[in-house]
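Note that the chains are named A, B, C and D in the order they appear, and that numbering of residues resets to 1 at the start of each chain.
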Amino acid sequence: MLYREVGQFRTSYEADSGIFPIRQDRIAMLAVLAVAFVILPLVASPYLFSAILIPFLILSLAAIGLNILTGYAGQLSLGAAAFMAVGAFASYNFVLRVPGIPVLAAFVGGGLMAALVGIVFGLPSLRIRGFYLAVATLAAQFFILWALTKIGWFTNYNSSGVITAQPIVIFGFHFDTPRSKYLVVLAIVSVMALAAKNMARGNIGRQWMAVRDMDIAAEVIGIRPMRAKLYAFAVSSFYCGVAGALFAYSYLGTVEPEAYSLDLSFRILFMIIIGGMGTVLGGFLGSAFIVILPIVLSVTVQALDRTLHLSIPTSVASNLEIMVFGALIIFFLVVEPHGLARIWQISKEKLRLWPFPH
Amino acid sequence: MMRDSPQAAAGGAGAFDGGTTDRALGDVLLRVENISLRFGGVHALTDIGFEVREHEVLAIIGPNGAGKSSMLNVINGVYHPQQGTITFRGKARRHMSTHDAAAAGIARTFQNIALFKGMTVLDNIMTGRNLRMRAGLLAQALYFGPARREELEHRAFVEQIIDFLEIQAYRRTPVGRLPYGLQKRVDLGRALAMEPKLLLLDEPMAGMNLEEKADMCRFVLDVNEQFGTTIVLIEHDMSVVMEISDRVVVLDYGRKIADGAPDAVRSDPAVIAAYLGIVH
Amino acid sequence: MATRLDTFPRLLLHHAHVRGERPAVREKDLGIWQVWTWRQVADEVRALACGLAAQGFARGMHLAIIGDNRPRLYWAMAAAQALGGVPVPMYQDAPAAEFVFVLNDAALGYAIVEDQEQVDKLLEALPQVPSLEHIYFDDPRGLRNYGGVMSFEHLQELGREFDKAHPGYFEEEVAKGSPEDVSVMLYTSGTTGKPKGVCQTHRAFIEAARGGVEFDRLTADDSVLSYLPMAWVGDHLFSFAQSYVAGFTINCPESADTVMTDMREIGPTYYFAPPRIFENLLTQVTIRMEDAGVVKRRLYAYFMDVARRCGAEILAGQEVPLADRIRYAIGNLLVYGPLRNVLGMSRIRVAYTAGATIGPDLFRFYRSIGINLKQLYGATETCAYACLQPDRAVKLDTVGLPAPGVELKLSDDGEVLVRGPMLLQAYYNRPDATAEAIDRDGFFHTGDAGLFDADGQLRIIDRAKDVGRLAGGALFAPNYIENKLKFFPYIKEAVAFGHGRDKVCAFINIDLDAVGNWAERRNLAYSGYTDLAGKPEVYELVRECVEKVNVDLAQDPALAASQVQRFLILHKELDPDDDELTRTRKVRRRYIADKYAALIDAMYAGRTVQHVETEVKFEDGRRGAITADVRIEDVKTLGEPLAKAA
Amino acid sequence: MVQFFFEVLIGGLLSGVMYSLVALGFVLIYKASGVFNFAQGSLVFFAALTFVGLLEHHVPFGLALLIMLGVMVVVALLIERLVLRPLVNQPPISLFMATIGLSFLIEGVAQILWGANVRGLDLGLQDEPIQAISDATGMNVSKFDLTAAGIAAVLVIVVALFFNRTRVGRALRAVADDHQAALAVGIPLQHIWAIVWSVAGFVALVTGLLWGARNGVQFALTFVALKALPVLILGGFESVPGAIVGGLIIGASEKLAEVFLGPYVGGGIEGWFPYVLALLFLLVRPEGLFGEKIIRRV
């Protein structure tokens, strides 16, 4: 209905294979970026930044990472949080032990370290598939957290086993306010999301999906499944690693390994299920959903509480949250296995064909 | 097929403009010698040997379970025979690895279509170009320089195939939504995208109606004629086999029972015996 | 260079000169729109022309062009013209047998065709066409092992060599060309007798094109979709002549089945289609809207009402109450705009239809959703250029005012006569036919009967040969009356009588489906066509329709006398199997007049009921008879008693 | 020293039996519906918690047990109806993820019903060394462990018999092979699933009681599931004997590792050691101890 595609014809493959071939979409995207980069920083409250926007962006990044591995390459992983932890602790140690290293470089270093670990734990995918692999990633989850807890070096022998992220300084500018931290995160996430989209629509992305959909056929046309999978593990872990570092540096500040527990891994998995497997958009939608849902729930619970004087204990609220998550996962897997992203896509198609139904 | 426009000229469209026209059989392209393949106790193939010459269309026929598919799987390295050698383009191997086979120029289609269901027709065929794409991960992530150029060039080539197979209307359709006959075409397209020297077709016409079969026959012959591609196919429909193949190899219970020109094979008593009650 | 822009090759070189980098041709191919600039086109044409020259094609020779709308085939036209030759586009879907006549009639020695299909047909025809020696093809698919045919690329290769060898040859040939040379030969499908080759000069087509371009203020920025047969005068005018005159871009669809999509992508600003196509589109719209959800359907229905009420008026810039204007604006946002978008018509500035009478509802629909659809009138012999409707004076039932440079008058028996630069030079090798068509004053006899309305717009009412006179001498145009009747959904066929009689009477065939539904809604039981046709209620229904037609007719002094005074509803459906209709469902008046003489007499004798027995053929070939008592009814007429007119 | 080694070993084996018990729950469901039921742990937790809850409301032990049986069956039926049936023919991975969701759901419900604080559960067994054995060998073997292991062993055997001797059992094995075959046997898939899930629920109940009685009834119970995973990898998802043997191996090795390796690396390696063990094992033998090798058809 809003779409007016007549006259938008393409005279080169360049134009035809763009990320947003339709003009109206390009405009919409620019609008979103404008809001994110300009409007929000002007209007949003510190609470909005540090309680919603920042975690939303960071988790989106992690979700995109997991989506590359699970959604695109079809390798189920239950250890996303562990790789985030690697990223966080590695970055911390880079800043700590490499004098004068720019913090951004430290993030990249953290990502690369996570990628390395990712490859190691991806090796089993040489021989094993499906749940077996999921279990391997669980092993990563437990082993890595254990190592970070038990081996003092990682926490610089902090007595209580926590690390305190160093301040973010880029070109001498201190990013210490919620707003400035938000902008850092936003910038990084935007760039990496774009990169993810490029990989997904490029040769490597096709290889991932090929391995996911029909690995024998993939082999027969010359794709090396092993290589493709390890790439997926590496890239995915890199994304998670950077996300983990941001999680520590611009969200939590002081972090213990337990912050990256199995529970977080599951949440990220939920994000891509709800958001939509095998799409970059899905990462953002899922993350938004999972970040906002608890807030909505607790607000409604409190509202009920106040109006009906039920005096509901807080534990109930949190359990309610858990329940709803569980139920939602099942709901989405049953009703719309392709998640919010698909719903978005369908409604978009409808708009393009309006007033026709199909 | 090529236009002299700036865009259309892009991409290694090599085989598609001009291409070889001669159907004169060249030298031996593929030779398999005393191949034997076992699964546990089951003898899938026993001591099979035959040759395929360049530009030839060779049909492998035989009753169900005669080991036809296994034979293809051996040639392109999905199965590894316990015994025998495979010589392709002069290079002898104990057995192929799927990757070597692909890299050496062997492509194939599958009996029960093995397309990448989640991907569009275009992407499915693009995967066939993966061996020719060199750009590194970073270049792809930034979609700059080599990565972009490569992507566009190969797109141009793939469009030639889409045009050749007359599936322009479905370019952006996820293959899962296509009717069976069209999926078979896409499967062929993906194989063609590899610009193979040797093309293995596993029952390309299985489950098709007459019209679809006719189309597929035309495509197979056009491929062979226009690009000089050597073709080995498995087919049940004898009329098809007789129509398009230069030579026929007959398998029965994993053994070769005949090898020769279609008519000769048709009248071979051993073949008739094997087929009794199966064909006609 | 190219000072005198009076031949197409010169126009081409002119555009290559002044707008060399602007797009001249686009074609959807290999997934994208391949573009050729005017300069590229000029080079292509040059190479091709030189190639033909190298192959011995010379001034005065004819070049057959057969295939779908392909850029290279359009270039072939210009190439032939550049050498002083004559392109002869032919209908690509005709079978080989039909090729033979034209190929021989035009003594064709050269042919440039699209693909294997056309090559095969030519080769099939070859034995009977001694003159045909050179065949060139665009798409090499499947033609690798053909002998005696040459690919387009190869021909151009030869051309480039020839060009090197004979520098300046091309320019000389173009310079030799004169506006009086024949630029194209278009064969009229010829409803009667053999097709005739209409020879049109450069001047004729350029004048016609220029007239249209100025009339609708077309510019180099416009673009058209070239999807109609190249052999048809309409396409030659819109996709070739006008493009060369105005310098706008033509767009060739990927294939016949992708026209809709390609249209949506390109979004032409200038569009031409016969009524049939507009009708199909509307049907599609209706069908697809029926699948829509309740909300959408309601929305659509509501705003289409609004559009019907005021859309056309708003487009015509007439007075419309503010409330309606606002409603229309909203509708434009929610329905019309999106609708134009999905139809690929958002950017259309001018759209024309012609070639047959278009139903008023159909015509009104497109105008009411904001598409500037107009009618034109012309013939192959006039470069499809005689009358055009001006933007702000569009009427449902006229074909507009005489186009710039066109002289137009009516003969005593109402036939439309035209004169002007766009007239054909001659029918090829048919001096007899030429003499018959063009009288000594240089007027071309269109064979259509027409009228001028109050504002001087021409209204085509009938084929001249069908027009008769009432006893009173007033004009009687049966098809015109019948068409008016048939625009009502309830009336399927109608046959009007009146030539040489004192009044007009009509046979009516009701539309079994439409009237059937109508009857069911009134739970009116009926056993079949004959029964339903006899029902008084149905007679009521039909009478209303006929009276509406009479009201129309009364508007027009020349036709007021033709008001239908009596009618009857036939007891059986007119049927090709009974030779009452042609296979194309045209009524066979004379045959019907004889077969149902009894009924006709009864009508004119003033009887109110007549018993008839008619023989019919059933599907299975058995013969049977229907007997019925057919009632005959009078209809109210307007104006002074028509008897006097008699 | 040797003595101590064996003491640890036996302790490990005994808890290993318990692992087998949990793993059994997984295997049953996997064989029946090809689902890797991540929610098994939550079922254990739910069962134990509800049972204790009933006791707290002064429901006599026996009655509580009966009620619980009923409850578990109902839960099983609900799961079959609301989760499995709609997801039939979906790729196994999505079924797996569904069970993850399921586990969250169940845990949420359980804690909303009974609260989150740790509860004790007394089955009248003391966790004390058996005098006789310690006199004889000088090794401490917990009476509780031994009994628990005994119960577990009995249960395992019963289940094994159930599936090898009864008609349902055979049907079930057919299902594992392929669903068409199962239909041929003439038992509707849904029924089989319901039955199996009920049995699994029952197993969960027993497991919950034993573990609960040993370590207290608390959220940690859900982790038993995580313990069972390596067991399954060793034993293979489809094999009952595999589950048993795997359980023993894991139980023993993890205890030994904790006691003899732990000190050198800072302890607490129980959490991951079994996994790494299982992984290394996988690399050697992807199909597990008792699984059959898969030939990829093209």
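As a convention for this text, contacts are C-beta pairs under 8 Å (C-beta built on N, C-alpha and C of every residue); 3 or more make two chains touch, one makes a residue touch a chain.
Bear in mind that the values here come from a model prediction, so they are computed numbers and not experimental data.
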| item | value |
| --- | --- |
| Chain whose Cα centroid lies at the greatest distance from that of subunit A | C |
| Winner on C-beta contact pairs when B-C is weighed against A-D | A-D |
| Inter-chain centre distance, subunit C versus subunit D - centres from mean C-alpha coordinates, in Å | 80 |
| Centre-of-Cα separation between subunit D and subunit B, whole angstrom | 49 |
| Distance from the mean Cα position of subunit D to that of subunit A, given in whole angstrom | 33 |
| Set of subunit A residues in contact with two or more other chains | 11-13, 16, 216 |
| Residue list for subunit B, restricted to those that touch at least two other chains | 7, 78, 110, 114, 155-156, 159 |
| Residues of subunit D engaged with two or more neighbouring chains | 296, 298 |
| Contact set on subunit C toward subunit A in their complex | 26, 31-35, 264-267, 288-289, 291-293, 296, 299-300, 334-335, 337-342, 344-347 |
| Interfacial residue positions of subunit C with respect to subunit B in the complex | 27, 29-32, 34-36, 40, 44, 139-142, 144-145, 153, 254-255, 257-258 |
| Residue ranges of subunit A in contact with subunit D within the complex | 74, 76, 123-124, 126-128, 130-132, 134-136, 138-139, 142-143, 146, 149-151, 216, 266, 269-270, 273, 315-316, 319-330, 333-334, 337 |
| Of all residues in subunit D, those that touch subunit A in their complex | 36, 82-83, 86-87, 90, 92-94, 96-98, 100-109, 111-112, 115-116, 226, 229-230, 232-233, 237, 265-269, 271-272, 275-276, 278-279, 282-283, 286, 296, 298 |
| Residue numbers on subunit B that touch subunit C, as the complex places them | 1-5, 7-8, 21, 155-156, 159-160, 162-164, 168-169, 171, 222, 225-226 |
